[in-house]
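Labels A, B, C, D, E and F are assigned to the chains in the order they are written; within every chain, residues are numbered from 1.
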Amino acid sequence: MSRFERGMAALQNIHGSAGQEVYEAVKPFDEVFARRMIENIGDVFSRPGVDLKVRLAANLGALVAQQSPQLKVHINAALNVGLSPDEVKELIMQMVLYCGYPTCIYALRAAEQVFSERPK
Amino acid sequence: MSRFERGMAALQNIHGSAGQEVYEAVKPFDEVFARRMIENIGDVFSRPGVDLKVRLAANLGALVAQQSPQLKVHINAALNVGLSPDEVKELIMQMVLYCGYPTCIYALRAAEQVFSERPK
Amino acid sequence: MSRFERGMAALQNIHGSAGQEVYEAVKPFDEVFARRMIENIGDVFSRPGVDLKVRLAANLGALVAQQSPQLKVHINAALNVGLSPDEVKELIMQMVLYCGYPTCIYALRAAEQVFSERPK
Amino acid sequence: MSRFERGMAALQNIHGSAGQEVYEAVKPFDEVFARRMIENIGDVFSRPGVDLKVRLAANLGALVAQQSPQLKVHINAALNVGLSPDEVKELIMQMVLYCGYPTCIYALRAAEQVFSERPK
Amino acid sequence: MSRFERGMAALQNIHGSAGQEVYEAVKPFDEVFARRMIENIGDVFSRPGVDLKVRLAANLGALVAQQSPQLKVHINAALNVGLSPDEVKELIMQMVLYCGYPTCIYALRAAEQVFSERPK
Amino acid sequence: MSRFERGMAALQNIHGSAGQEVYEAVKPFDEVFARRMIENIGDVFSRPGVDLKVRLAANLGALVAQQSPQLKVHINAALNVGLSPDEVKELIMQMVLYCGYPTCIYALRAAEQVFSERPK
């Protein structure tokens, strides 16, 4: 299994069809860069020893702290790997201790959008 | 059990003696503020439904993203709640995808200091 | 007067009807979290000894520095507690020294929107 | 009164001898840049219509949010223009709502250092 | 040539008609502030000794790192001073090493919008 | 030439002996991660079409904006690829327009340390 194949498998596992879409969106910008992105994602997320739920919780923390415009992608990913909507909510509320209310409310709104957009 | 007592229990559970030290350090600044801090920590971390390892992974993500001078406190906390040094290392390496190398290397050095300072 | 009532009074005083709206928006996400938010706001803003105009100036500084999507809420709050539009403008222009022009222009546009939306 | 003289007066008023030191420290790096810095500070802080205490509160908010290594300089400045140590403490504690605890504790420690270093 | 004239020339050179638009947009907010902005831009960009392409590369780095809502303005400026679209793309891809993927993808989308909006 | 060899060549070219030191420092943390870091650096900096001086100017912008503790490493790198100390100074002074004075002064001090530590 090549690094790229492993990365695409990780991408599918974590981001589902949204991951494929990001890859397709980045490819016209630069194909080599898009491939390296997939390989780097695969390098990280195929490493054993850490539960994917724990890994995605760390992503949530980082992207909330950054008020990232990509936050919704990672909330979806957290749900994809098995964190429940309630767990995602808990983690976002927890972030108020570390990022304050305005950032937390930004994240909370992103989560509500994700929850309402996902097929039940 | 009062909110404060619940908070002190959570603090002890997560931060161990370092938590008590932060509380004692903040108290002379403002006693009410120090107490509210403990209560707010208790409000979050006593909520059921999310594994403490998952909660601390989210903290790691946020504090790495912020290049927080408090990062070492939260690496210690991650170890206290049962994440292994290898899991902490994995999460920090994962952050390179979201925060880049310089921030990641800052975190990696903090982790190495924590690992070497903790009693085996 | 309970912490919650004191918080709602502070919220009304500072954020006016927008404060009520934020509370109503957060409540469906998590009612306890929404209540704690109000209580924490009350804990801070009901403390005597600092003029509310001074307090809201500090908020402006922080939210401009963060390029917060919540900035408009706090510009409105600054006006609610008695800072004049000219004072808000001065503070935003001052921030160029500490945050640079792009961040400052982001804030300046938020202020202009707030000024044009408020009833005269 | 030239822009530079006005700036030096504002610097003296706000930063006291520490302002002179910053100017002297920047001058060998680039004399024109150092002069422009003073002129820009003068341009902002000599504008009428906003109480210097309000202006410095906004600085505190911004520099706390940035976890700025220059925070101590601006805590000193806040005290120089007439904010009391208690007011500075209140503003820093207020920032927990907007920046979270780790950032707030960083600021709180900076304030304690400033308070202990200033001549009584 | 006054500082303002020099600044307007630099603005025209770097930002083209978009620079004029920013100036016109800021002027109603505060005319003196708008003029000072132009003068400060002129002070920096009229200094000899650094290629404008090198200068705009540094701007790109800073505004990508800040996830600035003004990023598109500076991508346009980079193209105006002679960086090719391919060079801009390379610099944005390079930023993944220092800012991570989500920030990089934000910048990449901004660049694609700029490329498609510019007259060929 | 393998990706790793290409990365080590780029590292040597850009970071000189400091690059080797960073690699050696990261290796005990995780050897695979250290190798991937080198490969990713090689992937970026071995791409043709952009002058290394332009590339390092972008790094300077990003790391100044982040107030990165790694800033000195990248100032050294900028000098290694042929930016003169005067060019580095110009770029740092330019950053005041985008990041404000406190951040700029932090960078200016880092640059002065680098200049004084480098062999003439």
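Keep in mind that, in the parts below, a residue touches a chain if its C-beta (ideal position, glycine included) is under 8 Å from a C-beta of that chain, and two chains touch if they have at least 3 such contacts.
Predicted model, so just to flag it, every value in this text is computed and none were measured.
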Query raised in the report: Which chains lie in contact with each of chain B and chain E?
Result: A, C, D, F
Requested in this report: Averaging each chain's C-alpha atoms to get its centre, pick out the one most distant from chain F.
Outcome: C
Query - Identity of the chain that, by mean CA position, is farthest from chain E - result: B
Query raised in the report: Hey, which pair has more contacts between C-betas, C-F or B-D?
Result: B-D
Query - Same-site or different-site touching of chain A by its copy chain E, using the half cut - result: different
Query raised in the report: Per the centroid of Cα atoms for each chain, what is the distance between chain C and chain D, given in Å?
Result: 22
Report summary line: CA centroids of chain D and chain F: separation to the nearest Å works out as 30
**Report entry** Between chain A and chain F, centroid-to-centroid distance (C-alpha), Å
**Finding:** 29
Report task. Find every residue in chain C that makes contact with two or more other chains and list them. Result -> 40, 63, 66-67, 93, 95-99, 101-102
Requested in this report: If every chain is a node and every touching pair an edge, decide which shape results: line, ring, star, complete or other.
Outcome: complete
Query - chain F - residues contacting chain C, complex - result: 95-102
**Report entry** chain A to chain F touching residues, read off their complex
**Finding:** 32, 36, 40, 43
Query raised in the report: Which of the residues in chain B come into contact with chain D in the complex?
Result: 22, 25-26, 29-30, 33, 37, 40, 63, 66-70, 73-74
Query - Of all residues in chain A, those that touch chain C in their complex - result: 67, 89, 93, 96, 101-103, 105-106, 108-109, 111-112
Report summary line: Within their complex, chain F touches chain E through residues 40-41, 44-45, 47, 49-51, 53-55, 57-66, 83, 86-87, 90-91, 93-99
